[in-house]
Structure formats: structure tokens, C-alpha cells
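In C-alpha cells below, several structures.
Look for chain A in each of the two complexes below; its partner is chain B in the first and chain C in the second.
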Partner chain A sequence: MIGQGRLAAWGIGLAALVALPFVYRDPYHLHILVLILIWSFAYTSWSMMGRFGLVSLGHGGFMGIGAYVTALLWNHLGLSPWIGIPISMVAAGALALIVGYPCFRFRITGHYFVLVTLALSGIVLQVITATRDYTGGSLGYTPNRTSGNKLLALQFDDKTTWYLIALGIWLFGIVVWHWVDRSMARYALEAISEDEDAAAAAGVDVTAEKLKITLLSALMTALAGAIYCQYQMFITPDTVSGIAVSLQMVFAAIVGGLFVSLGPTVGAIITILLAEALRIGFGTKAVGWDNLVYGVLLVLFIIFLPKGILGSLLDRLKPQRKVPRAHEQEVVQIARPGT
Partner chain B sequence: MQAFLDIFDIYLLEAVINGILLGGVLALLALGLNLIFGVIDVTWICYAELVMIGMYGMYFMVQYYGISYFVAAPLTILLVAVLGAALHYLVIAPLLTAPPINQLLATGGVLFVLQSFATVAFGIDFRNLGIRLPVLAFGDMNFSYARLLSFVAALVGMVAVYLFMTRTFTGTAIRAISQDRQIMALMGVDTRRIYLITSALGGALAGLAACLLVLQYDVHPFVGLSFGPITFLICVLGGLGNFIGGFIAAFVFAEIISLGGLFSDLEWGYVLAFAFFIVMMFIRPAGLLVRRR
Partner chain C sequence: MLEVNGLVKRFGGFTAVNNVSFKVDEGEILGLIGPNGSGKSTIFNMLSGTLAPTSGSILFGGHEIAGLAPHRIINSGIGRTFQIPRPFRRLTIFENVALAGFYGQGRHSRARAEEAAERSLAMVGLPTDRHASVDGLGAAGLKKLELAKALATAPKLLLADESLGGLDEAEMDQAADMLRNIRDELGITIIWVEHIMGVLMRVVDRVMVLDHGEKISEGLPSAVAGDPRVIEVYLGTDAETTQAAAAEARRRAGG
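For the complex of A and B:
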């Protein structure tokens, strides 16, 4: 799929990204880059299922589980994040299966699916708040600083190290995206998002395909949450879970472009730079302003540019496609009304 | 042991009755959401945020301008109704032909806008009306008048909507449109007008709920998050667009929350309700009262 030229472009781009922290060491800018990379990974994870019409607003829940389970295991049981992160991912995956199975088995699609997942992220937020004796409730939670081996605790003071970790994670996300893009599952899922009955008649196991992509997406989102927690060393229910985080993912993915691999990354760059610019511009008065701008932009984008910035740009650059894909030609036909 | 059981039963009964009272307001919220969904085929993710704006409206009118509660309430209902109509006109109408999920996500954007607007405009402090209604003691049980009033007002509101839908021409047109979107336009019904009226009506119900909720809860920009998800669960469980299903589901959920809250924190009541919801999805995926095409 990837031609020689594009492969070379990717290689050069990556080499430049890896070399960057050794040349340029401004901690603030590196911090912003790390945030962009981690969130890009989370947004990419969301778009893995979002692009197939499985619009989930429950990913805030998965991210919260990833962050909180890892931190709780570390603080209360002294379990290294190297073990804690897989456990948290399993927990998020299990939740995804428990909620996903009835949804897919009984054909809960469209509005229904969105509302169910929306409730899921709301509930995770409630649980974190309710167990405030352990999680600190809405005041937030800090993993204990390690006095021993930093590698074991996955805690680094060095921004360069974190930059490289985040870069690796982000690259992993992009690779998985391409892997799915080139797999048979993609065709199955696109068929499902077009017409479930027809796909089932053609021999696609609708429930299993949907569950697989949901599981993959949830696992990656939990990983993003755990990495975010390890990097920031401070999490609150509102920054890693809940409806606002879920909507933020949807927003970034849609602004960047759902159907291109770098779309969510572009979305992350735009949203985070916007938030930082507003924060610097308005200072503490900016509380709320960034979300206000986000919300207005989200509405405008969905009305006027539903394919996202990168998606529309790429369409503009190459107007004739070799194989027209009905899936992408309609204006983000991301889902059908319930069948 | 016997004494313990007696006390326990009183609390249990109190919780059951409180659950019914809570169910009234939840049913009102579910009715508004179901109305919008049934007629326009759109889900307003930001529905609870409209309620939040209404609660702020009540707060400012009563606390700041010193308007009496009973004058402020109709004004608030009007305000949120206008807001609902504006939401439809500005956001939903341009997207009517787009895939339904886009409309839903656009209202998600509105959720962001309303929440952060409230944060910017009103700050993140918790505010309350400062009206403390007396508590009704009935035997050993205590019920707050605020809850009783909400319950009664919610019922009155629902009956009013029912009468409007069955006894007036506009109401009949709304019900007809929810049955067949295309044909009604051919029958000479102005669908755009009906959609606007329905949105205003949905907004008015949110406004009424705001007037009632402000009596019991403090207002802050994120208050919508505490009852928004539960409203969506109720609507899905009852079957989206199914008024009676939503009504029943509201009371079922209210009982679960109330009884769960009896044994533990209120938040655990919500968690219990969600667990119940997941189980119900296995048993009755299409909603409590199945009404499928």
C-alpha cells in the first residue's frame, strides 16, 4: 500500500522527530509535544472504531480506568506500572466486552449505542468520585514518587525520555491504524457500517468483528490513560474520564479527519495548541474559554466540514480516487439509523 | 432484632416513596428527550445542560433580582423553550439531511458550549436558591415539600403535554409527523414549523424540570452531568421515542437510585442503576416495552 516515496517521507519525518529533543531542549515546548503525542494516541484509538460508524462516547471511561487502575495498584499494592498497565488494560477491555456484547449482539446501533456508551463514561466518572476514600474523588490523585528504581516505577524527570516514550506509543498507534486499514477486518467493518444485514448475509460475523475492534480500541485508550497518568503524575476524574473527555476525543478526531491515519494527530495538534494559546492569551480568566471555542468549532465543523481538515485537504489534493469508496464519498456516513 | 427491623422498614418505605417522588422529575426529563427523538429523530446530548441553564435562570431571577419563585418559573420555562427552539434552528435544522449521528455529535458540541458558557459567565461556585421548604413528617417518615411539589408539578406538566398532544390540532400534527415524516409534508403540514414547536416544547419541559430541580439541588456548570446520563439510560431502557416506556423506566430507575442510596452513597445508586441497565439490555434489548418497526 505504502509507496516508496511515502515510505521515505515517513522515514525522514520520523528521524526528524526522534532527533528533535537532542537538538531542541526547551522544556515547555517539549511538554506540549509530549501531550500532543499522548493525546494523539488516544484520539487515534478512538478513531479506530469511530471511522466504522461505531461512535463511542465511552472512551473517557476506558481512559479513566487505564489511568486510575494503574495509579491505584502502584500506590496501594506497590505494583509496578509495568504490571499495572496491562492489568488496567485488561480491566478496560473487560468492561468494553461487557458493554459491547449486548450492544452488538442485539443490534444496538446509532443513537442507542451512543447513549449507552455515553452513560458508561458517566458511570466510570461516578465510580471514581464515589470511591473517594481510595481515589481522592474529584480532588484528583497522585501516584507516589518512587525512591527506588525509576525505570521500574515508570517515572522519569527527564522530558526527553518522556518525549521518546510518547513518540513510540504514538507510532505504535499509527502502525496499528495502518494494520487495521490493510486487514480484512476493515472491509468487513466497512460493510457493516454500510448495511449490517447485507454484511451478515455476505458471511461477516457482525458481532465478532465489532467486538474485536471495540476491544482493540478500548485497550489502546486505557494504555493512553495510563501513560498520561505516568507522565503528568496527577489525574482528576475530569481530566481523564467522563463525558467531556469522550467528547474531546470525538471533536479532535472529527476536526482532524476520521478516515486518514494522521487525522486524529492533526486534531490533537489543533486542539492542544488552541487550548494553550487561549490559556496564555487569557491567563486564569481562560477557564472555560477553550471548551467554549471547542464546542463552537465542533458544531461548525460537523455542519460545514464533516470530513475534517486533513481529510478535506487530502480530497482537494487528489480529486480522482483509483477505487471510489462509497463509504467515504457520502458525507461522513459514519452510521446509519438503528436497523 | 425486632426493633431493628421496624426501623429498617420505615426507612425502606421512606426510600421507596422518595424514589417515586424522584421518578416524577426523571420521567419529565425523559418525556422531553423522547418527544424530541420521536418527532425530529434527533437526540439532544445537551438536554441536561439546557436544564442547567434553566436552573441558573431561576437562581438569578430569584436570588439576584428578587423575583418571586412563582413568577420566575414561567419566565424560566419560556427562556429554555426559546433556547430549545434556537438550538433546533441553529444547529439541527442545517443538519436535518446529514447522517443522524452527526446531529447527535453537533449537540455534543452544544453541550461543551453551554457548560463552558456557564463556567465563563457564572463561575464554578455552587449556588442555591436559598429557599428552604419545610419537611413533612408523616409518622416516622420525613419527606421534603420540595420533592412533593416537584412530583406534583412534573405530573401536571406531563398531563398538560398529553392533553396538548391529543386535543389540539398542532399536537395531532406532531404525533402524525412522528409516524411518517415524509407524507405529512404532502398533507400540507409545515414540518419546519412543527419541528420548531416540538423543540420549544422539549425546551419548555427542560425548563420545568429546571424549576423543580433547583429547589432540591445546588446549581453549578456541571450539574447536568449528574442527571444527564441517567436520563439517557432511562430513554434507552424505555425505548427511545416511547413515552410510556420512558415513564415506567423513570420510576424503575428512581427506585433503584433511591434504594441504592439507602444502603450506600448516592453515587453507588447510579452505579447500581447502570448495572441493572446492562442486565436489562441482555433481557430486553429493544427497551422495556418493545415497539419496533
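For the complex of A and C:
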């Protein structure tokens, strides 16, 4: 339950975030903030299922579908993103169900599930690259600029508008995270992640519960891809899809903290600032360095700080706030053998 | 209430349960005993849907449930415990039981699930404190939690799998009394699988004995305990074969 103090803190924080672009108008910094908010939403979407041990490396695929389907419908059929985005989400959701159902029905879990999703990511990337006559292949794709109604085309030149849209989407992600966290579905999914047979013996329809959270996660990720595309007005298979994007989601969620709602947001702040710092500091010489740094950091975090930065910080600040759940305690014991 | 006919389960070439038929009447406690590997747990797993039978029928309240998914069977009114307790360590004790109360009763409402959790925890004698961690429970506590989870699903038939292994004698008596209370107070029919014959015989109405996947005896506890086939399975053959093997070994060593 959210206490009065925490609710007040959220209220003040949100008010400050909404007020920010009206006070501070530096376009570069606002651009970075928009990117952080959009990617935070994508990482939050990933962590919806990642926190229950459903580690997917296929989310790059869902994000790519969100971005490309929306842009293709706009350019080829003139369909407004207001219709295109829901269609792209439905497409990503359908793919999630097609891949998820056999996995869950036939108990493909753990490493094998990761491998299946990895393939999904690769397939979507290949399809985008192979259909280069439509998608522009690896050279990227640009939605046509509208000459008419900007709202209908969901195209805005103004950074403040985009900042507010991104903030709304991000907040939506956080709200959904909390909604799942406080639902009975969380109990079921925690139980499933530990012992599927025992969960079934408690009456849980294991396949259905896993499908539901996977669907939710895929829909949200596709939305993130579509919004990213509308904001950047330029997408390439490597920036919105594929294995690198999927790995980045895993990295950010784990570094920030998987078991707290703002963990993926902290992860996004770190990944995007890191990428920007490398870009500005080293220019084109550092292309791809961020992925190298992610890899090294991921190993270090899994070993030394498995609850992520925010998760560990919150524990330190308020040890009495709640009894850590058993699996979180286990992790701590691994980190400090002999205690 | 439960009618099992010609139940068979094969794993490859191995027949774990061979043509077993039995009935359970409403309100009775049926004991199911047999040595290790006699097929007790396999029968349980088929009744609860964890395993699908190779052939045979299981009628529960007049409906065929053989081969149904476990959550459907649980929702139709059969609750089960596991031989080795399987708590969800990521959840608190209360959440463990509330989960079963919610999903085991057709996902009605959270309030109803939490009510069921409180009742079940009180019934088995665990604290209803919402924040207590599973890690604080010992062997007896974990078995109580298993039972509370099963009770929270509001079963008409409870499958209790070797719920006394790993307990001392006082705890065993307590647990046996608890099963009887569950039947007496809640009117829940029980099938109780157990290695330990002593305590079981005191509580059950009827006993069924399995050996090598086949039913070898069934009846009142006193009658079954005196059945020569049961004595043979539990004591006789083992002692004889041991002696025979020892004699054989002596003969070879001598010659």
C-alpha cells in the first residue's frame, strides 16, 4: 500500500516533471529527457515479465514491429498513427501469443525460453532487412512528413509537446507496473516462477497467466517502438529492433533494479547518458562502445548488485520498510557468503 | 463421491499403476499405503491432474476428470498437498494461502480469498500475520502451510500426500488429529497417503494397500493389518529375501 508520504512525494515529483519544459527550454537536454522517458517505458514494459523470471530477448522484435508497422501503414496506406499504433500493437501481441503459447503449453522455461525469444528477435530483424523494398532495409526508414493536420499525423516539431507525451507514456508504464504489482496476478506469477506444478495445484492456470503478462509486456513494448518512431522520424532495424536492442533492455532493467517500479527508469538514465557521453567524448570512434560497456557492467551487476542500483539503494535507505521477499534475501546471501 | 475404474499409468515400458479401481464415499477418510514405489504418489498425481492416466476413468461427483488440466481439477473441488512441501518462497505465508484461496476458488474476489486464507491458516494453527516469511517455518510448519494452501481452495476432497514424513511422534499425532478435525468440522472427504502405518490406522475409516502398482488389499484398518499379503509386503518378503541373500553369500564364500 502506498503511504501518505510516498503519495505526496510522487505528486510533487510529477508536478515538477510536468512544469520542467515550461521553465527550462534547452532543446538538447529536453531531447535527452524525451529519449530517457521513452526508453524507460520500453524497459518497464520488458521488466513486467522479466521480474517474474520470464527473460525475453525477443522484445526488440516487438519494439521493431511497433515502429515499422506504424510507419509503413502511414507511408503506404496513409493510415494515421492513431489507428496505425493500435494495429501495430495488435500485430506484436499476436506474435507474442503465437510464440508464447507453445512455449508455455509445453513448458519451455529458463534458458530454452530465452533461446526461443532470441530467435524471435533475430527473425523480426531479418524480415525488416530482407523486405528492403518496403522498409528501406538497414539504411533505415522515415515516415513521410505531413502537410496537413499534425495532431492527426502525430508529428510535432515542438520538443515540449513530445516531452509531455513521453512523460504521459512513461507514467502510464509505471501505473501499469504498480497495478500488476498489487494484483493477485503477481502472486500467481511469483508462484509460477518458482514452481509451476505447485502453482497449478493452487488452482493457477499456468499457461494463461504467463500468456497474459507476456501479451501485456509485448503490447506496451510495441507502443514504445511506435512512439519512438514518431518522435525520431527515422528508424533503422538496429535502433528499434534486433538482439542489441533486446540486450539493452535486459541490461537497463537489471542495472536499474528489476523489483522496483522506477528501476528500469534508472536503467534508462544510465544507458542513455552513457551512450551520449561516449558519443560526445569519442565521436564516431566510439560507435558500439556502449554495448561493450553494457556487457561488462551487466556481468558486474549480476555478481555484485543483483537487485540493481535503485533496488539496493532503497534497501539501504529503509531496511525496515518491508521484509525483503525471500528470493531477494537469497541474492544478498550469495553476495555475502558466510553471513 | 470419487470413483476410479481401471486406472493405468505407464512410463515407457514400466507400469507404475496397473488397473487400480476404488471408490471413496463422501465424508470418509481413506488411507492409501504401500511401500516406496508402489504407485501411491502416481495415483495422487493422476487424481490431481499433474499426470494424465494412460487409461482408465476417474469420476468425481459424477464427472469424468481423468486427464483434465490441474487447475481445472482443483477448481472442481479437489485439493492436494505435496509429499515434499512446495511453498512459494517469494511470497509471505499469508500470500501463499491467499493465492490458493483466489485461484483455487475460481478467482472470485480478493476479499474472499483473504478470508479463506485467514480461516485456513487458523485451522492448521499457523499465524495469520500478513508479513510472516516462509523462511521462518520448520518442517512441521511447512507441512501445515501445504495443508492450509490445499484447504484455501475449498476442496470437497482433500488429497493429503505423506503429510507426516519428517515429523516427530508428537507432531505426527497432532497432524493426524488435524486431518480428522478437517473431516469432522469442514466435512471434507480425505484420501491420505502415508508410509507410516501406525498413526494412519488410528484415524482412517478404510485402508487400501498398494504394491508394485496393484491393489493388494482393501478394508477396515484392523482387517487390513491382519491380511497376510499386507504383512508379506511390509515385513515378510523383505526379511526372507534378506536371509536368503545372506545364506547365498555364506554358501559362496564357503565354496
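Everything below uses one rule, namely that the second predicted complex is superposed on the first by the 325 of 339 C-alpha atoms of A that agree within 3 Å, B and C clash if a C-alpha of one lies under 4 Å from a C-alpha of the other, contacts with A are read in each partner's own complex, and residues count from 1 in each chain.
We adopt the following convention: a residue touches a chain if its C-beta (ideal position, glycine included) is under 8 Å from a C-beta of that chain, and two chains touch if they have at least 3 such contacts.
Everything quoted here is computed from the prediction, not taken from an experiment.
Asks: If you stack the two complexes on chain A, which partner ends up touching A:H59: first (chain B), second (chain C), both, or neither?
Replies: A:H59 contacts neither chain B nor chain C.
Asks: With both complexes overlaid on chain A, does A:F251 touch chain B (first), chain C (second), both or neither?
Replies: first
Asks: Touching A:L118, do we find chain B (first), chain C (second), both, or neither?
Replies: So A:L118 only meets chain B here.
Asks: Determine, under the contact definition given at the top, whether A:S193 touches first (chain B), second (chain C), both, or neither.
Replies: So A:S193 only meets chain C here.
Asks: Any idea whether chain B or chain C touches more of chain A?
Replies: B
Asks: In the overlaid three-chain picture, which partner chain does A:A202 touch, first (chain B) or second (chain C), both, or neither?
Replies: Second partner only, chain C.
Asks: Give me the intersection of chain A's contacts with chain B and its contacts with chain C, in residue numbers.
Replies: Shared contact residues on chain A: none.
Asks: So in the complex, the part of chain A that touches chain B is made up of which residues?
Replies: 53, 55, 57, 98-99, 102-103, 105-108, 110-112, 114-116, 118-120, 122-123, 125-127, 129-130, 242-244, 247, 250-251, 254, 287-292, 294-299, 302-303, 306, 330-337
Asks: Which chain A residues qualify as touching chain C in the complex?
Replies: Listed in rising order, the residues are 184, 187-188, 190-191, 193-195, 197-206, 322-323, 325-327, 329.
Asks: Which part of chain B faces chain A closely enough to touch in the complex?
Replies: 37, 41, 43, 45, 91, 94-95, 98-102, 104-106, 108-120, 124, 221, 225, 228-230, 232-233, 235-236, 240, 265, 267-268, 270-271, 274, 277-278, 281-282, 285-286
Asks: Within the complex, which stretch of chain C touches chain A?
Replies: Residue list for chain C touching chain A: 48-50, 69-71, 74-75, 80, 82, 86-92, 95-96, 98-100, 102-107, 110, 113, 131, 133-135, 149-150, 153.
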